[in-house]
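Below is the structure I would like to discuss, written out as structure tokens.
As written, the chains take the letters A, B, C, D, E and F, and residue 1 is the first residue of each chain.
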Amino acid sequence: MTLSTVAAQSADQEIPYYDSVGNECAMFEHAYAQRLPLLLKGPTGCGKTRFVSHMAAKLGKPLFTVSCHDDLTAADLTGRYLLQGGETRWVDGPLTRAVREGGICYLDEVVEARKDVTVVLHPLTDDRRLLPLERTGELLEAPDDFMLVASYNPGYQHILKSLKPSTRQRFVAMTFDFPPPKVERDIVARESGLESERCAALVNLAASLRAMKGQDLEEGISTRLLVYCATLIQAGMPIRDAARATLVEPLSDDADVQEGLMEAVQATFG
Amino acid sequence: MTLSTVAAQSADQEIPYYDSVGNECAMFEHAYAQRLPLLLKGPTGCGKTRFVSHMAAKLGKPLFTVSCHDDLTAADLTGRYLLQGGETRWVDGPLTRAVREGGICYLDEVVEARKDVTVVLHPLTDDRRLLPLERTGELLEAPDDFMLVASYNPGYQHILKSLKPSTRQRFVAMTFDFPPPKVERDIVARESGLESERCAALVNLAASLRAMKGQDLEEGISTRLLVYCATLIQAGMPIRDAARATLVEPLSDDADVQEGLMEAVQATFG
Amino acid sequence: MTLSTVAAQSADQEIPYYDSVGNECAMFEHAYAQRLPLLLKGPTGCGKTRFVSHMAAKLGKPLFTVSCHDDLTAADLTGRYLLQGGETRWVDGPLTRAVREGGICYLDEVVEARKDVTVVLHPLTDDRRLLPLERTGELLEAPDDFMLVASYNPGYQHILKSLKPSTRQRFVAMTFDFPPPKVERDIVARESGLESERCAALVNLAASLRAMKGQDLEEGISTRLLVYCATLIQAGMPIRDAARATLVEPLSDDADVQEGLMEAVQATFG
Amino acid sequence: MTLSTVAAQSADQEIPYYDSVGNECAMFEHAYAQRLPLLLKGPTGCGKTRFVSHMAAKLGKPLFTVSCHDDLTAADLTGRYLLQGGETRWVDGPLTRAVREGGICYLDEVVEARKDVTVVLHPLTDDRRLLPLERTGELLEAPDDFMLVASYNPGYQHILKSLKPSTRQRFVAMTFDFPPPKVERDIVARESGLESERCAALVNLAASLRAMKGQDLEEGISTRLLVYCATLIQAGMPIRDAARATLVEPLSDDADVQEGLMEAVQATFG
Amino acid sequence: MTLSTVAAQSADQEIPYYDSVGNECAMFEHAYAQRLPLLLKGPTGCGKTRFVSHMAAKLGKPLFTVSCHDDLTAADLTGRYLLQGGETRWVDGPLTRAVREGGICYLDEVVEARKDVTVVLHPLTDDRRLLPLERTGELLEAPDDFMLVASYNPGYQHILKSLKPSTRQRFVAMTFDFPPPKVERDIVARESGLESERCAALVNLAASLRAMKGQDLEEGISTRLLVYCATLIQAGMPIRDAARATLVEPLSDDADVQEGLMEAVQATFG
Amino acid sequence: MTLSTVAAQSADQEIPYYDSVGNECAMFEHAYAQRLPLLLKGPTGCGKTRFVSHMAAKLGKPLFTVSCHDDLTAADLTGRYLLQGGETRWVDGPLTRAVREGGICYLDEVVEARKDVTVVLHPLTDDRRLLPLERTGELLEAPDDFMLVASYNPGYQHILKSLKPSTRQRFVAMTFDFPPPKVERDIVARESGLESERCAALVNLAASLRAMKGQDLEEGISTRLLVYCATLIQAGMPIRDAARATLVEPLSDDADVQEGLMEAVQATFG
């Protein structure tokens, strides 16, 4: 299955479940309609990626997702020449494909990428909406159904890394947070198959664990880990074992912190 | 559409709207006529790029824009050999094209580029106006209608990055700032389609937000973000939502600072 | 013997000996069944690698092990083009093979790897379970019998290296420690052939040496070194010589610390 | 037009105007006659490059100028193999050409270059005067009419960069400074076409601006910027505007410093 | 003569002279018989390399020695593809050859190597004894007559370099020191041809020079330098000159330290 | 003229003038005869390179000189494959040529080279005298007429660079200093053609300038610069001008230090 196939499917695929908790769907649709780039800010695992999948499917557009990292360069986004059969062949990167074919390009944790990606982001986020491909000599104009979405986690910035104001000020931006309890309960129940009441208890537990953030924990517990926990419980694992493996061990290596977290587990599930 | 085509169109294109606020157009024309390189200094989104587009169109010259970044090298500007069909083919970079074909080469945020760009900038900013292409063995003499323009943001200098005096002193320089209120109001109205009076309110709001710069904000709000805000309002989004997404979230991740900014929004729009 | 052959054998091979000390086997089986990635935390040489071999054989799945290091990149995991006979040929890396063929991919000391591995780990640890191969244009969907296991040593973190919360929170996690005395005695006896009673004395010695950790020793003595020691004794080497070469010299270069360790050896074996 | 053509022209070209202010012409001629390498020290824009052009033309020798930078390597000076038509072809760098064809090679701001240039400079500045080309297996002996000239700016040394004594002590050296007022006035008048009296006023202004160096300014104003200023005035630009754009903005971004500079402009031109 | 030829000879060659000073030969033989990797710790020039040559010859096994350094990578040990005649051909590195052909691979100063060598050392030092060659797709199983030996100098560790516990704890380890006086005398006499009595005086001198270590000297004088000294004396050089050139100048550049060393020479030889 | 030709000539060439000031010639001959590597220590321009040329010619051996630098790697010494006509061809580096053909390889300022050169120096400075060429699969044995000579300047060590004891202790070493006055006078007279008496005055001046070292000067003045000075005087340049350009400007950029140096010039020549 090639990337193209997946992307095309993606445009017609079943819409991934997403429970709106504010005006985020309207904001995304407005930004899409006005051809403005969008920046999603929020903690790990609060649903940003899921939200983008949901909106892409809802708009019937293919989605090209890129997890950014320290070594991601502009060429990883735009494409490069590969040598094959003594011939060089140009292979489009995910951003170029989104511009050429139309669709949504999602740069997850964009601050992690190397600085040369600004050279492709800036003209794309201008009123010009251009993507220059220096290596092929092309200058692509983004179609109306191209949209650039980026995300980053404001609570986890590297000392040496941040989004330059000249880049930031090119985006419409929104802050995400963990969903409100009832929404999160429904998400966990739906993803894990665990009954709703037990999911509600897990969500309550998450709230008390999240309250410990900043003191001993770098990040609050993600909805994803709650789903993991509920999945293991549903599969028959003892609650305490499941909670330790999904809500405690992934958050901290410190024995005292782990004990504190397990006490909260104990208080909830006895 | 190739880069050449775009550039040629650019020379005949409709002149992008730009409202002069001082002697900047005269200065640009003098520098162009006397074949002197020009350095534009000023904050993010105050209109430097638009100004250059405007002048290039007004002079009827193609414009080659390069967003500089940490990894931009001299070869990115001058060109390189690409391997195709077992043969190497030289592909001109944007600076070389501007020198060969005539036109304006604009290096946006030039301090970001790597230091080896000085090797091409220095002989081009001499009275010699030469571009040596070591790899091809050529030494191009810039035609009379070639002009080099560079920009940088003095308020956002990297610790390890600045323009060396030996490079700086090769440019005629100008400082840009945000346009005066009436000009900015007209720009916002024109770009967004929002009625002039409501744009004036946005411009007033921008002035109070910009006054917070240096205390909590790294940069004042750009004209571009005002246009984004007006666009979303014009598209039917509630003013507070539009303002939060375009004037607050892109400027800061700090909850207290965001609250301060939203209070200013509240004070303006009730 | 090629990697493929080994891996296929591996799926049918004799199950490596592993003595469970808690719920770790159940946890691994649940994670495998629920298609959740697993993170093993624990000190050097406490049996993590052996545990993974054991489980892979028990589940009848091939095992692909990668020792991560400072220079390990995403391409080392996914594969690369090699030039052969004037043609480029794609060669799958170990992670790609595990995804394509089914099986367990074990990333030992994952924090050591370069940051671009996140780009392949994140979509694989989503509910999507996808492996994008940008270079070949493929997007592989992991089969149900693919499992990702990673390990790291929380007591030996580099200042500049840690697992980002956005990566960590994608794993079910477990802490490993050295096995309890009777289990460790049986392991040492089985691996070295030394009689059980003498192995018990070595295990007691290990406990007193491990108690010195944190003061003068960076790490406690591993079960592996106990096996080395018992092996040399069984082969006829004097106990003191074997203990010095396996329990003292590998742990410290400091003469005073070595003397302290030898005193403990002396106290145990006279 | 190729580099060769230019260089050959250069040997017969009109002699660039240069007004000697001391014994520098005699020193250059002696160094050339005795085949000694020459080092020019002095601030930005004081005429070092012009002086070298003048002397090269006067001696009827081609001139090969290299602006050194952080990434300049020995190969940039000596040459490299390029792949063309399936064959590698050696292309001489500027230093090799000067050695092969005879002529003057001028390394501008030599301290900026990478350290491997010493490998080519040392044998060339010996009594051996040899240029080894390891890649081609050649060992070129410099002809009598080859001369090596280098420059650097002692007032603008990088912390991590300086000329090693073992390199420095291979050059005859001279210090340059801005020309005396009457000479500078003539230079400015000649280059700009502005009448001599007004140029004298500019030169006086430069003297007072240069006196501010070290306090607020990294470098004194260059003769080049005086020529820029006179050129714009001669082209009809108001004096204050021309002075601001050429004598104030290129020197500082600090509002207070700019005001101080403008006061000096005011005091001179009213 | 190719590497293969040499190595094969090496297996049958005359056994290099080595005078055992403890149980090191027994330890090496035990480690070889039990297929355990061995780590030799000790100062520069105390005989570690000679010891390994001696043992390899005694066991009749070829020896593959690698001097590790800052830039040594896993590929330097395992091998790489070379382009020849338009075809790529795999060339085994020294470690791969030792695994394929059987023999001893000796990594001298292993801490100097880059971190990616752990990827090949870890599976080789497991009970698996495997060498994965990712590039060729091979997974080599080490034969019974393969042995890995590594060395490092604990007195000369880099701040940024040390052997990770997870690597260290995979080796049986031994500390080496300079040989006792009578043994060292015999070594020096044998290697230099100088009469035994004069060698004894040199060995006495070495003892007093080694006592200065830690105060002014980074390392004690090596047996190798004693052999150099005796060789020059035997060749007719005056004792003081030979001692200065071999026992003083190689140890220190400090005039005071050199004087102190020469006084010790004077005291011994008058 | 190729490197081979030059080197062959070098073996028969006229012996470069060198005036022995101690036992250095005897030491070099002994080291050559005993096949020991030699390390020359001493300040810039004191005659180390000339001495090596002299000895090479006297022994009738070709000389291969390499100026080491920050980027010099083992491959620069041993050789590399070059692509030519679709075929790769191995080209020996200078060290390999000296080993293959016999002769003296001189590594000037060896501490500057990168650390991977140790991999070729260590086996060559063993009693084995081997040069492994991993890339070609060769293991060259050095012939009896191969000699390795290295130099460095103890007064100018980089903080991050020094010769490791394990490398240093492989060389016989000698310290060089500037020649005694009468010898230096003769050298200067011979090289410059200036009459002996005036050279003696220059040598006296050098002595007083060298006495300032350590206070304001990084290095004492070299014999080379004295020759430059005498050459310019002999060519008719005024003494003060020649002295300033050769004895003052190359040593310091500091105005006060230069004045101090010029006072010493004044005191000598009036």
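The criterion applied here is as follows: a residue touches a chain if its C-beta (ideal position, glycine included) is under 8 Å from a C-beta of that chain, and two chains touch if they have at least 3 such contacts.
Keep in mind that what you see is a predicted model, and the values were worked out from it rather than measured.
S.K.: Kindly list the shared contact partners of chain A and chain F, in label order.
M.R.: The common neighbours do not exist; no chain touches both.
S.K.: How many degrees of rotation bring the Cα atoms of chain A onto the matching Cα atoms of chain B, given to the nearest 5?
M.R.: 60
S.K.: By mean C-alpha coordinates, which chain is most distant from chain C?
M.R.: D
S.K.: More than half overlap in residue numbers between the two sides of the chain A-chain C interface, or less? Answer same or different.
M.R.: Comparing the two copies, chain A and chain C contact each other through largely different residue numbers, since under half are shared.
S.K.: If every chain is reduced to the average of its C-alpha atoms, which one ends up farthest from chain E?
M.R.: Looking at centroid distances, B is the chain farthest away.
S.K.: Quick one: chain D and chain E, Cα centre-to-centre, how many Å?
M.R.: So the centre of chain D lies 52 Å away from the centre of chain E.
S.K.: Counting only Cα atoms for the centres, state how far chain C is from chain D in Å.
M.R.: Taking the average C-alpha coordinate of chain C and of chain D, the gap between them is 60 Å.
S.K.: What whole-Å value do you get for the distance between chain E and chain F if each is reduced to the mean of its CA atoms?
M.R.: Those two chain centres are 30 Å apart.
S.K.: Return the residues of chain E touching two or more other chains; collapse runs of consecutive numbers into ranges.
M.R.: Those would be 83, 86.
S.K.: Pick one for the touching-chains graph, please: line, ring, star, complete, other.
M.R.: Drawn as a graph, the chains make one closed cycle, so a ring.
S.K.: From the touch relation defined up front, give the order of chains around the ring, starting at chain B and going on to chain D.
M.R.: Start: chain B; next: chain D; complete ring order: B, D, F, E, C, A.
S.K.: What residues on chain E touch chain C, complex-wise?
M.R.: Per the stated touch rule, the residues are 23, 26-27, 30-31, 33-34, 36, 39, 41, 73, 81, 83, 86-88, 114-119, 122-123, 126-127, 132, 134-135, 137-141, 154, 164-166, 168-175.
S.K.: Quick check on the complex: what are the chain A residues that touch chain C?
M.R.: 1-4, 6, 44-45, 49, 65-72, 76, 82-86, 91, 93-94, 108-109, 112, 153, 156, 191, 218-219, 221-222, 224-225, 228, 231-232, 235-237, 241, 245-246, 249-251, 253
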